[in-house]
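Order as written gives the chain letters A, B, C, D, E and F; numbering starts at 1 within each chain.
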């Protein structure tokens, strides 16, 4: 099975899908990560060494390929959406993923919202993708305003009991960034918070540790069943 | 894999899940159907011979077991919800289904809403069910009021290109009821409408014919991946 | 009665409102279509001859006037919204439509979302418009993500039993485009899909064939009742 | 045109639809009101003389027929929904209304919610009703909890500039009840509040005074356009 | 300040509001708990000694008064809603709470939903209550189906860093019930899960430990500001 | 207490929060207003003298400081969101507000939507803000499309019985603009409409006059209770 993870920024893939990526890799699935921004002139200027961090984190999790699209960090709303869609469409056409994980539509971070919108177009029926799921990006998804029923409400839980350690180790790769992405507790990007989130979603689903997703679309067709895990 | 279909009335299982049931059976899955009402003193009095119809329809689709709980048709809101939950819990405990298909929360028919509520309790995490999905019950789901974002919005599409014929044949079993459940077009319970619905959901998902579901919960754990199809 | 249809791209007006336009024309209503983009440098480069197609389709449906605003196809999110609103406001001020049909807010296509937003401003109370409705644009509205209750949930159904043939004929005008807009089944922009969608909405509403709309606002005032059909 | 107003309690029809009823009557439409409860053993015991009040209010507004179904006030959730649906279905079958006005699904009052549910079944497509709308019942609709996007969000505004006086006069009929339904300002059932609500909805829609409705379904078919006003 | 907590079952008040109750008590607020069911003939028969447990838990948290309404456990949907509302209205009239905490509307447990509905009526504007908030009841709120935007989406976070220990100690009182309410991890009613939930909501809000609520209504009037904490 | 009001255009702060600002000032709170656009080359060219108007209105209401960010009126969607966020973040860092009032996410005006989005980022947990609330901006919030449950549904009501006069007086300051912001009734920006809105929200909440807000987040921590009024 081929798995594509779309991430607005380096570390989103680890925070949101790290345990599930490792699980996919353990099951022999091929995982690619596509990182949309790598941040020249970024908000916090800390992204300079992050590509490196992302590659190391990918190694820890078993990612086969990390693609950087090079958009400007925190400015993904500047280009027309089409300009973000087109390189993503090419990756989908080349890699032919069965499952795509992407950001959530209503995250407080605007880059995440653009990433979601671009993925929706690049994975529309006909593109050959079997499953599309949104992940929870720590310090953005849970900070979205609770208005009008648009909050993140997970429908899919993936057991990461055996891969939570790998997720934490991957996160450790980001502590070497110019300005560490890892913060002290109770920040959502602390090691303790990663553990708490995994266990909260575990309790929600009867597992010891889990990552939670919101299913966008799953197509169960004759050629094989789309497998969210 | 074990599959349980919860239906408020005989024929709901065929209208909502018929093609998918046949697909499960073809893949060697064991399918049980639990019909909550069979209608002494029912609204239309047509349910007398319907148990028979349901058994014949089940045969066509490859159902292994049809369980009738015997609640009164159109009066599923009379007992306390607990009284509907308990026999359903026993079926879940005995049969240990991997996947459960049930009615949609906001159907215009009150029996469907009770069936949904009872299934939510009987399949809560801990019950061992991997996937819970809501199906579209013709002449109820699509007639629900479009208020406040609670309409049926499918996230899972199952290819029924190869089993649509079996679905139509199963529906034919219900034309022998005291008062036929099958109506002339454009009623949603006509053969033509069944075909139109299957093709509409097919077009939505890039398939020739499909049934559409709304995922409630999927748990992807170490013991095996929950498979919605 | 005066009717305005706002379409992001040529063919959206036919796919979404074709049968209803023809019905308006048969009832003697004056129908204008405003097409926002006509696509120099467009995504698929197929729009070059589409203005012509749109005019011919308009003839088939009985449209009196087709206005092209000339924004770039698939890049309607590049200008400030105000720049899209202002020419639309002028059309509303000049034509004084009673009813306006526009795209749906949550379509997967970003041009549609901009068209919706611009229409909301150009038709706000005070502009003299009696009814504003959103239509379903094949291959966009039904591919929107089913998250948070924002899916298309129709409240208005228009009988197109007598005008479905005209809708299909108008669609045929688009098969002459540089790259035909018409695709093979099961694509939503195939003739068969158009028929399936019309019949699905018919079954939903007790009609043989229908187009479905989501009402935004209807003002019933002394000067005459806003008529959605 | 034939118009049916479904009201859980006497005075709901005046508070929610009074101005629109009078407008219908002025246009020559035949209006029936169906009052579901008339309250032996009611919560406030004030309903004893209210049938009388309802008849007098109906006279003021131009109602042709007031039907009392006699369910117990504040206990409409005791019978099975079917028992409320059946008499309503008979009224729909006999009177054949074009438009039905009913309560809102998420009102804080449980009788209103049952009235809504029963109307949804009695007016489903096939029953011959062209339009179904929910009205705002003062001291219930606006007190519903603002959770999850289920609040009353009007889509239809009816001009009651010329009939607001009649609405207030009809409300006056209810001041003679055992315990007056009319309360001092700022209670929603005060004369001042009725005026404020009418003007608020007027301002929302560019009118001097309006009543606001949420459209459930409008079917625009060959036999004539459903007219919400 | 006077604080009322409405709980369907003994232990709901501790699981949902325990830390906040203790915080109120520490600030000198008077806290009452109203427990709607105490369960003769209950689902699990474990409620016999629970009244006692509830009293002991209340002592730990600093509750002044625990009122038992004595409805049947898991059967709160049997009486008419009015019969649940009336005793609650009397408590509100007698105790005159400033803040009321109650269950969430869309919990998977039906008793919780009834408790919510009854509280909405008993605390409507005019009853003198300043703030109404819904709490999260472990093993019910987080198991509600994520459909249509009706999931629990907290807007209010209360710091329980200093009172989490008291919450855990109060929960310990329930381990003496006929069949202990406390379950092994990863059940939501385990000590570890209580800790995880508190820390998850802490991380969401920048606190070390928190309880999370969904605000229904807050009225800020001249007589003093409603204080949610 | 420190209070920050974020307004897209001069007069939004008065229309949406005027009475509450005056109430804060009367209680000794320090209120700042941040106006994002002041409109060189604006849509209506009427903003030239509006900075002056805003200062005078601020004086009437008791505002301590009015900050103008100088973005172009009606074109707040042109810059990247980050460029709007950064100056707002600096104000939050400097002024350290306890409460922030901002626009509503789904207003029909695009500048309002940008203002909302920027505020969400500038006030995320960690920024030290205790409460964030959305206000209703006349002629925008109530004209938003009632689709999918995203309408403004207030949860917080602030008593402005004593400060409604100040609100109206502040609005009068805007009648001196190049083209008066004040319109004749029934426009939402007329004096009569301001009065009607205040009384409508009063009736909803049992007060004589009120402003209504939708709570985004309130953090109740040890250092003091966030006070929405």
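Note that in this section contacts are C-beta pairs under 8 Å (C-beta built on N, C-alpha and C of every residue); 3 or more make two chains touch, one makes a residue touch a chain.
Just so we're clear, the structure is a prediction, and the values are computed from it rather than from any experiment.
**Q** Strictly by the touch rule at the top, which chains does chain D share as contacts with chain E?
**A** Output, common partners of chain D and chain E: A, B, C, F.
**Q** Taking touch as defined above, what minimum step count separates chain C and chain F?
**A** Counted as steps through touching chains, the separation is 1.
**Q** Count the residue numbers both chain A and chain F use at their shared interface, divide by all numbers used there, and answer same if that is over half, different if under half.
**A** different
**Q** With chain centres defined as C-alpha means, what is the inter-centre distance between chain E and chain F in Å?
**A** About 34 Å, centre to centre.
**Q** I'd like the Å distance between the centres of chain B and chain F, where a centre is the mean of that chain's Cα atoms.
**A** Roughly 50 Å, centre to centre.
**Q** Counting only residues that touch at least two other chains, what does the list for chain F look like?
**A** 125-126, 143, 146, 148-151, 153, 155, 187, 204, 206-207, 214, 216-217
**Q** Quick check of your reading of the touch definition: is the inter-chain graph here a line, ring, star, complete or other?
**A** Its topology is that of a complete graph.
**Q** Quick one: which bits of chain C touch chain F in the complex? Just the residue numbers, please.
**A** My answer: residues 80-82, 105-106, 117, 120-121, 124-126, 132, 134, 148-151, 153, 214, 216-217.
**Q** Write out the stretch or stretches of chain A touching chain E in their complex.
**A** 142-143, 146, 148-151, 153-155, 185-188, 190, 192-193, 196-197, 199-200, 202-204, 206-208, 214
**Q** Where on chain A is chain D touching in the complex?
**A** Touching chain D: residues 148-150 of chain A.
**Q** Using the touch definition from the top, list the residues of chain A that touch chain F in their complex.
**A** The contact residues of chain A facing chain F are 43, 74-75, 77-78, 108-110, 139, 143-150, 187.
**Q** In their shared complex, at which residues does chain F touch chain E?
**A** My answer: residues 125-126, 148-149, 155-159, 161-162, 204-207, 215-222, 225-229.
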